[in-house]
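Two complexes come next, and they have one chain in common, chain A, joined by chain B in the first and chain C in the second.
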Partner chain A sequence: MSDGTGTTWTCYDAATMTAREIYGRVLAELSDTDPRVVGLTADLSKSTAIVNFEREHPDRFFNMGIAEQNLMGVAAGMAKVGLIPFASTFAAFASMRAAEQVRTDICYQNLPVKIIATHSGVSFGAAGTTHHCTEDLAIMRSFANMTVIVPADGTETANAVRAAMDIPGPVYIRIGRGFEPPFYDREDYGFAVGKAHKVHDGTDLTVIACGIGVLQAVEAARLLKEQDGLSVRVLNMHTIKPIDREAILSAITETRRILTVEEHNTLGGLGSAVADVIAESGKGCAFAKAGFPDVYSEVGYPEDLYAHYGLDANGIADRVRKLLKVEFEEDEEWEDEV
Partner chain B sequence: MDSELLTARLFFRAAFPVMKVPLRDDPSMRTAWESVTATVQFSADTGAPAAGGAPPAEGAPAAGGAPPAEGAPAAGGAPARIGACLRFDQGELTVSEQLCDAPDLTLHFKSVAAMNALLRGGVALPRFRGALKHPLLLVKTLKLLMALTLMLPRNRPKDPLRQYLKVKMSLYMITTALSVYNKLGDPVMSAWTKPQPDRIYQFTVEPWEPENGIAVFLRVKGGRTKAGRGVYTRRRPFVHFRFSSVEGAMKVLLKEVAFVEGVEKGYVAIDGSPEYSAQLNDFMAILQGLLT
Partner chain C sequence: MPLSTEERKELYGRAKGLRKDIVTVTSESGGAHIGGGLSALDILVLLYFKYLNIDPENPSWEERDRFVLSKGHAAIAYVPVLARRGYFSFDELKTFNKFGSPFGMHPDSRRIRGCDASTGSLGHGLPMAVGMALGARVLGKSFRTFCLLGDGECNEGVVWEALMAAAHYKLTRLVPIIDRNGLMIDGPTETVMSLEPLEEKLAAFGFDVLSVDGHDLDAVGGAIEHAIAAGDPSAAGETVGSGGKPVCIVANTTKGKGIDFMEGEVPWHYGSIDAELRIKALESIDRMYEAIGGLA
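Moving on to the complex of A and B:
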């Protein structure tokens, strides 16, 4: 994990360490050793960084034009004949314009198509609501057979792309626009699909985050420790489906308060997946979700939007303070046992 | 609050209840008390004037009627007399910080300081009331008082049962004393507990098992505190002091080794916040200074 968690981030890092760039590089590496790997896009070769793959393996690269439904349909066909297609486009188009093809052509047949969805959340900031994507996790996790992964940074994207190769069914990997600061400084921290990674330990409350929220949550945990003396656990819940029930149940019993952080509508995404586990557990837990509160985001620079919606470190810290004041405990017996 | 008065209240509320441990876990003590149903009062004059002017008569209620409520002033100021009432019902003990209604035996001290001196293991002679009528009760009570001295640092038992009792009683007393110290309004302790969310400071002696193991905890939440027995299961401890064994706990509690040295040598391990465990340790040192 990066000690600076973003504070030492530079323009050089943007070119070499972001999720988008690393995805393109890792895909090129994978294709060197596995001839089944093919790359597809819908006229977004440079924007999704699959151009790295295109340069090295032009014979295995297919630009389907501005036709996302076709992109997914062709990828399904390629998977059907034994290839492992990586289909890259913007998250808004992968999850909504091509939703039916993803569902019926890919997921229904449980085909090993790996969808790399870039520019997710509000990372496309000024491009506006048409290019924002705050619904994809809700859509994708409702498709049977689909594995949904939201890496915290470029390093984790590399792990996710490699792990996707071993998953026999479809995988949706959600990444940003290519300016995300690095969080991990090495790849061997123990990434496993379906297993949350504890990136900051604590006992007062657990923040369960994914994507860019992980770095912000850790910054918040440090801030809360310094300013308020609070002990906050942070889980990087990179896999939204299948969700790590064990880590959530431990958070319920060990900290009794959970805040989820996601760059997504608060309906249907990480928060809802965690809420399902809490409700099914039958255990008491104070719970809150940070995300976009069932609204279409304002338009602006991503960092301004994160701050506006309380998804930056300060916003998360404020939500933690608020959640700690929620009274729910049955254990209000304060007589000393003697 | 006056330091001696504070110490006395800590003895009443944190040390006396610990008598339950030898009553339950020491076979000879259990046998001695199992058929006893009686009331024993410890009391001391504070020096403050009683409601009617003169100090109340020994063993008599403070203002002529029902015993005064806990810590209630006799005439609008400090109480003239303070006390604790120990009720034994077939050996089962309950302790309340108030004067008894009609005690079978009273140990009364001329001053709070004299009572504290005795309870700290020093020399002070109380006046006995009811001793002639209940000589056996007196003997058993003094024996029980002696059992409390097991907690004193100078007391270094050799046999395993007494070592077990010493560690258990010490941990029971210290967690209760921490909670009582906060409840009595010590400003430093209050300032420490008030900003804390729901937190558990757990102490266990390994190997811990529910029936006879030693485990105690202090729960802190927004200025409130509670001393509890066993392992708190509703949340993970914020700080967990894990003593390696009864022997390891003895070495740390008797200060044969400094706390840091105890950690280095593996007698105690601490999981959780080092800053808060050090702060809790400071409060424990303050209480140890008051009670021993």
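Moving on to the complex of A and C:
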């Protein structure tokens, strides 16, 4: 299903369409050619922009009202009889209100339900912590059978939604509110689930980012080149699970320093997934995680929040400079006896 | 069509044999949710031996009726029913609860032939059944979906979310059946968390509610037939299963039904049976069917 879907993303205007809008469009397009596609939401049809699908396929769209647990259970039942349900709601509700339904009904039975979680991180800034979601990656990556994708922008969302059709099991796609600036200007840059995309090359340090962090990390890399003469690699780790071990191992070997950037609690998300690979590699690597340091986020415009938590280009550049100063310790007391 | 004399005899005979099967599996497995298994059994017997349009030779047949055991802990009754219906050999149940077995306390649809949904965590089955019934409509298929819930399970808010959705979408080919045995782990439902007036609540949610004796096969059969008729295109309107009010059946049952020392006893929600109790249990089942007289 990844190709031959008729209209392609290039027909859409990257500058004027948000990730959510593109998602709704792509879904409508996929369902034109695949009658198994159905759309579901929980009173957030307009907010999650699945309304674009609803308009074109009213007979295959179901609103469950404000009932996210039922939303996920119903999606599981539909998948059980052969459909491919795309269930959309805010990340906070998809991952927490309905966590057990996602785990027990969808993941345990390994059903092809595709969850499109919008308003993730602090993208719904002024709404505050009840509507922020900085826990979902930790929750979703702990569910066996689940694939977890965090697209960098609308173009990558289109790629992720198409790719999700080819994955036989459940997929969690985490997107923002739709005001995020575009990163990619074309869709054929080689998106593949589970394969990080190197978006900036470098040898001094690797920034591994996802979501809105990708654009900011690339801007930070440019800034560091201009101002500090540093060579920073940036990986777009759009797939949190399965994580691209190879890309991380190369980063360890080739740059020895890794900073992760995510719009998520620094516990349990991208940073933790990367840390697992570093620890298992047995190699020395200076490492730091940028994200929300185990706190509930403040209220405000998302851009202000990103700056406050050091997730914008300047904040990332500062973290890189600090991480470059970390010395690798010699340990005279320790001998490897193996 | 009411049960014929022969059908009645056959179904009561099935139920009697399965009650004994439940005792056998419970005693051999070390323990099971026998109380709620025995309250649900007669409903399962009617569905699997009379009403469900299924083919045990072809468990993934797309047109088959679906059944979701929302009260997944009744696997102790459900799994022997599947075995006796021909999905697998009853001998396989010797592994029940044991390491590596497909059969645990709660059914796993990925490992048990004929099982349409993995359940066990309460409140999860009905939403999935709603999804199956809605899915049937999208796919233009005419199969029905039956879902058996526990009464204590109806404490879960998501059950009411699903009921709301079933009525909203007029899912007349979905038939929720509530096993109203009146007990939950901590005691009577009305002591732990009141459900009454249950039938009025269900009616207010948009259901045509039928309340029947859940151990009277004629009564439960009649209610199921009423529900089936309500989902027929002629009764429901132009589109299959998209007509009027869905039917919900409240089956008034006795927890532990058929085993005198378990009937209505809260501690028998879950229990194990030693050799001595096994004999007593089997004798009690014989007495129950002798009392019914001539039916089995």
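Following the convention adopted for this analysis, the second predicted complex is superposed on the first by the 312 of 338 C-alpha atoms of A that agree within 3 Å, B and C clash if a C-alpha of one lies under 4 Å from a C-alpha of the other, contacts with A are read in each partner's own complex, and residues count from 1 in each chain.
Criterion: a residue touches a chain if its C-beta (ideal position, glycine included) is under 8 Å from a C-beta of that chain, and two chains touch if they have at least 3 such contacts.
These numbers come from a predicted model, not from an experiment.
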Practice item. Mind working out whether A:E254 is in touch with chain B, chain C, both or neither, as first, second, both or neither? Key: first
Review point. Regarding the shared-chain residue A:D204, is it in contact with chain B (first), chain C (second), both, or neither?
Key: first
Exercise for review: Identify the partner contact of A:G82: answer first if only chain B is touched, second if only chain C is, both if each is, neither if none is.
Suggested key: second
Check your understanding: Is A:D188 in contact with chain B, with chain C, with both, or with neither (first, second, both, neither)?
Key -> neither
**Study point:** If touched residues of chain A are counted for chain B and for chain C, the larger one
**Key:** C
Review point. Is A:R60 contacted by the first partner chain B, the second partner chain C, both or neither?
Key: second
Check your understanding: Of the two partner chains, chain B (first) and chain C (second), which one does A:S231 touch, if any: first, second, both, or neither?
Key -> first
Review point. Does the superposition put A:D331 against chain B (first), chain C (second), both, or neither?
Key: first
Check your understanding: For chain C, which residues are in contact with chain A within the complex?
Key -> 62, 66, 68, 109-110, 116-118, 120-121, 123-124, 126-136, 138-139, 141, 157-158, 161-162, 164-165, 168-169
**Study point:** Interface residues, chain A side, partner chain B - complex
**Key:** 203-205, 228-231, 253-256, 324, 329, 331, 333-338
Exercise for review: Would you mind writing out the residues of chain A in touch with chain C in their complex?
Suggested key: 38, 59-60, 62, 64-65, 67, 69-70, 72-83, 85, 100-101, 104-105, 108-110
Point to revise | Interface residues, chain B side, partner chain A - complex | key: 13, 17-18, 20, 95, 172, 176, 179-180, 195-200, 224-229, 234-238, 272-273, 275-276
